[in-house]
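Structures given as structure tokens follow.
In what comes next, chain A is part of two complexes: it sits with chain B in the first one and with chain C in the second one.
The block that comes next holds the complex of A and B.
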């Protein structure tokens, strides 16, 4: 039976957007005199940034409200995430950008790359050239060099310093954080579900730029509550609800409409397989290699983003997650004009249907509410087939 | 037991009542700006034990009648299976969307594809293009079929395609040839969806656009596969909903 239980994170921000909690934490760091680096993507090497005493801040990218302003400059037929990010900057409405001393970007896609060119004169902005054929030896060498160059940029800009030992410590700290996050996901795998997407998202969002040390008390408490829920026979969502795994582009803010529709249609979301969800926590960096930056390069190039080619790891990681979370259906969320996720969806769909025998649905959407009913029809039909 | 299915589509509302496996009543009306009123008008004086709603307005009806709802994809799968039990491929072109559905050996929905969120290449598209060429909906397919060649329409966006039609007629293109071009455009879009989900097999063609003989002919030609249009293609979804009502057997929450 469902009943009210204490939220996994129980503070004044519970129930609201997770951004406010992260902002409050960053403002504290700022007061302590720490520098802030704005980041857009999971390829920004958190371990290095933290090792240099700088706090990473994920910049705003998920609101429909800033798109109109962005379209005065950017083409309308562009990924909403890029338009929203740019709109936040030119309307000066992203508090994280306001706090950031520098911005770190990566050449993940053409749209972002060219958008970054339009913001470089506003704040010191460092672009990392991301190799996109990740299994070649040169890719590791080049990405190692890019991480070293980022270190150099942060040194010159802030006078910040770290050592390989410092980076190694940071790697161990983030590995610890990721391991605890994976313990949370183990609870999310339980059947019936004992945790909903909102609480998982609160945790994945908060952990993104946080050190293991900062996350430890939060995660220890969350894990204790999850144990209590499990032992107390609590279940989340309607009895027998189809379990849904959501994969694809990052989802947050106004794109959360898809999550809401899935729950309204009677489903329960058991896995968030995107950079905004579980992805950043699924792999660890090798410890004690003697070359921590190279170890970082190897770990980051394992992120199965659709910008990589071939991206076979997306399918093997997905299989791992499906076997663990045991969903009844998989939904691939593609943001409008994100060509790489859109094309890759074909392979993902075949994999889900043929290898796992699960129903699959691709949804192409943006941050507006105009397509809610069309998405609802598709999601309801998918869940009816479970 | 007498069960009813109500399909509130973007352009028309359809009601089917079944008893002992036989359809005993069918009614149809325009959705208008007030779908709830349109549904009420349709249901006036109709007796049934339980009702299930489908179509875009299904949740509106759920709120007001407290009746169960199913998606139109499931409704079309159920309705088509009842009319033509061995058919495994369904194409439904309605007022604002196109759905291709494939069924498994047991006749259950296994896969579906829908057009993007805009009404390109749907019934509404045909209505607007017919009007742009000055044809009624009855004349439009006949004129298209009478053409020996066609003018290619490149845009599938209703607004852009209308501009294209106007440019073509301004250049003196023959109306039937433009009409055929429009039909070809909508057909190639639908067959792409079909090829994606069901590369072979006879196609069960339903929805308002199935009343258009030219679309039917061109789909069969384009796919090289037989196309079956049921006697009342607009009623398939409502029939499916009525069948679902029968199957779920007057559940407690189905209080009309």
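The block that comes next holds the complex of A and C.
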């Protein structure tokens, strides 16, 4: 940093893991008597959950510490995110899970889908069958039915109720939140960069289960500070630092090592193209359609996750993001044994190199520290080529 | 064997690679199958089929194509053969059972991927699978992550790839999705073949496939006997040939084999002595020529009496109920039939455990070997709960995870021998 500036979110949790802030907010909601639904994935329909007066809580999934316990039951050849999630549950160390009254899962990938089977008897759990070919009409019909069934489950479990008008209001609220998040990303697009990955990640993490109403003051303040940074000529990172876009699997906790390595190698991360980053905020739900649940289904099926096939949208969305953020290199982070992102990486690499003429690096990693130096060497070589 | 060089060359096969493959296959077949003792005479037909698996059978496919029939290649039991037969098409399983050209495969798909998928790419990129090259259309299905995403990579490499989506939960919407997918597939088959499906042609297709299933079910029944009238390897081979052969001829040949086995059972004859420890194998499919684990088991003092696998009872257990006379009614029946299949890609998948337990009892087994291919997450994750449930009912279980290489043969043998000893004493 060329000089110190006030952090975008300036509270007692600044500088620490973003989970603590979210936990504190969730505990407040709990005190107000709100029910909590644990979620794992960007496909959980936040708008519906919030419309029913329930708070979504993203469950723990990013620690190496819980993997050993998980491997007593799960195969070692499984994605660290899934192993970590399961390990948190069986060691009872995830405070979000502790607060959750129910768990909502989706059949995104084989690993998660089968892992959920092992936890269904611990808390009321609802699994949504996610279509895999998002562009066909049956997919939208099916996903609409799944969201309705989730509504039924939440009604039965909590006696919570909402109406289509309530869902519509929630859609508008989340659309507003997403629009503000995208305004933040506009600042991340500036050259030179005025914001680093940590602050962006703090915001994307906090916003995940939050309503627009809850996020508005935070985002208004953050946007004001970003304007000040821009107008004051502030720049983040070393002058001329290569700009890096990170795409792929969700990254957080112990996987943040990749972000740290990129910065230590002299790069600046300008885009977090993952469900843990920008992805949940890139698409809006259509308003005023008269069928808000179908509108939600259409919006959620637009998430370009690798669990979809052929997932052409990932490449078109990536192009939009590359054109906006103007990275000098793209790094695809694949968590070990995540087949869908791993296989898709081949196509992503070709797209980045051939269509955009940018250097591309695929990193397959887990939550351990064993490969840090190896990753560093490869990232340094990549950034040298920029 | 006749000289098929011209045919292979016309199909675009890499002749050198293909020769190398056939010579390895031939040697393995000799060592694994022909060296078995007390084989039924009826296996000679299957030996012949295997010796001509890239020869005469491919010639038949080419002849069928010359008559205007389409060849439909697939990798999975969720692709309904009934529908293919209803447009007078030929359904064939595609090569995915051998470690061939994995270096070529790993240029386009990750190394850490199930060997079955890598094998499909090895064969494709090495140009050695005549079934794939002869296919007018290849049908992919969204079962597991690995296959679903790999089809995206396979698409540009084959003439015509058709993808079917599959539900992952057995719910009402799931059933509706599957039916819709089958209806669309039927339309695609009509376009491709230029033939209209009629109630009559679908009815006939259903009857043909049902007869084939009934024949292998009859074979399965005969394996209840002690001593086992047929080895697990030979029974597996029959289940593998199920995917390649002409269905009517296959059915007749299996029934002939069963006639002979009935005689054997009456006389109390078997391939191994009475009292040989009996095992059920459960898990991932074994495509030709994946015979590694059954070979080790049956050379370790045990006999396999049932396969809870897609190349086995999971693939053949259900018949398509011949109810209804109209096309939509029959399509319903086909959907119902396939919706039963308890593949581990479904969540939850409780009936699979019931079926393993049932087979264990029905075939008088004394243990279950759970077989997972490396990196096959659905079966690997399910293997834990399956083991716990079975051991909980007093059924000994050995969990194996392996690939197509020969490197772990010694280790597998040691573990299998120890398991056989455990059940022998127990």
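Observations on the model:
Convention: the second predicted complex is superposed on the first by the 385 of 386 C-alpha atoms of A that agree within 3 Å, B and C clash if a C-alpha of one lies under 4 Å from a C-alpha of the other, contacts with A are read in each partner's own complex, and residues count from 1 in each chain.
Convention: a residue touches a chain if its C-beta (ideal position, glycine included) is under 8 Å from a C-beta of that chain, and two chains touch if they have at least 3 such contacts.
Just so it is clear, the structure is predicted and the values come from calculations on it, not from any experiment.
Of the two partner chains, neither chain B nor chain C is touched by A:240. Put chain B and chain C next to each other and count what each touches on chain A; the higher total goes to C. By the touch criterion stated above, A:159 is placed in contact with neither chain B nor chain C. With both structures placed on the common chain, the touch criterion links A:117 to chain C but leaves chain B unconnected.
Of the two partner chains placed by superposition, A:288 touches none, neither chain B nor chain C.
Once the two complexes are overlaid on the shared chain, A:384 sits against chain B while remaining clear of chain C.
When the two complexes are overlaid on their common chain A, residue A:370 makes contact with chain B while staying clear of chain C.
Applying the stated contact rule after C-alpha superposition, one finds that A:107 touches chain C and leaves chain B untouched. Comparing the two interfaces of chain A, the one with chain B and the one with chain C have residues 364 in common.
The part of chain A that touches chain C in the complex is made up of residues 73-75, 77-78, 107, 109-111, 113-118, 120, 127, 129-133, 136, 138-139, 141-142, 145-146, 306-307, 309-311, 336-337, 339-340, 342-347, 364. Residues 353, 359, 364, 370-371, 373-374, 376-378, 380-381, 384-385 of chain A touch chain B in their complex. Within the complex formed with chain A, the residues of chain C that make contact are 108-110, 112-113, 142, 144-146, 148-153, 155, 163, 165-169, 171, 173-174, 176-177, 180-181, 344-345, 347-349, 374-375, 377-378, 380-385, 401. Remark: chain B residues 56, 59, 70-74, 97, 108-112, 114, 116-117 touch chain A in the complex.
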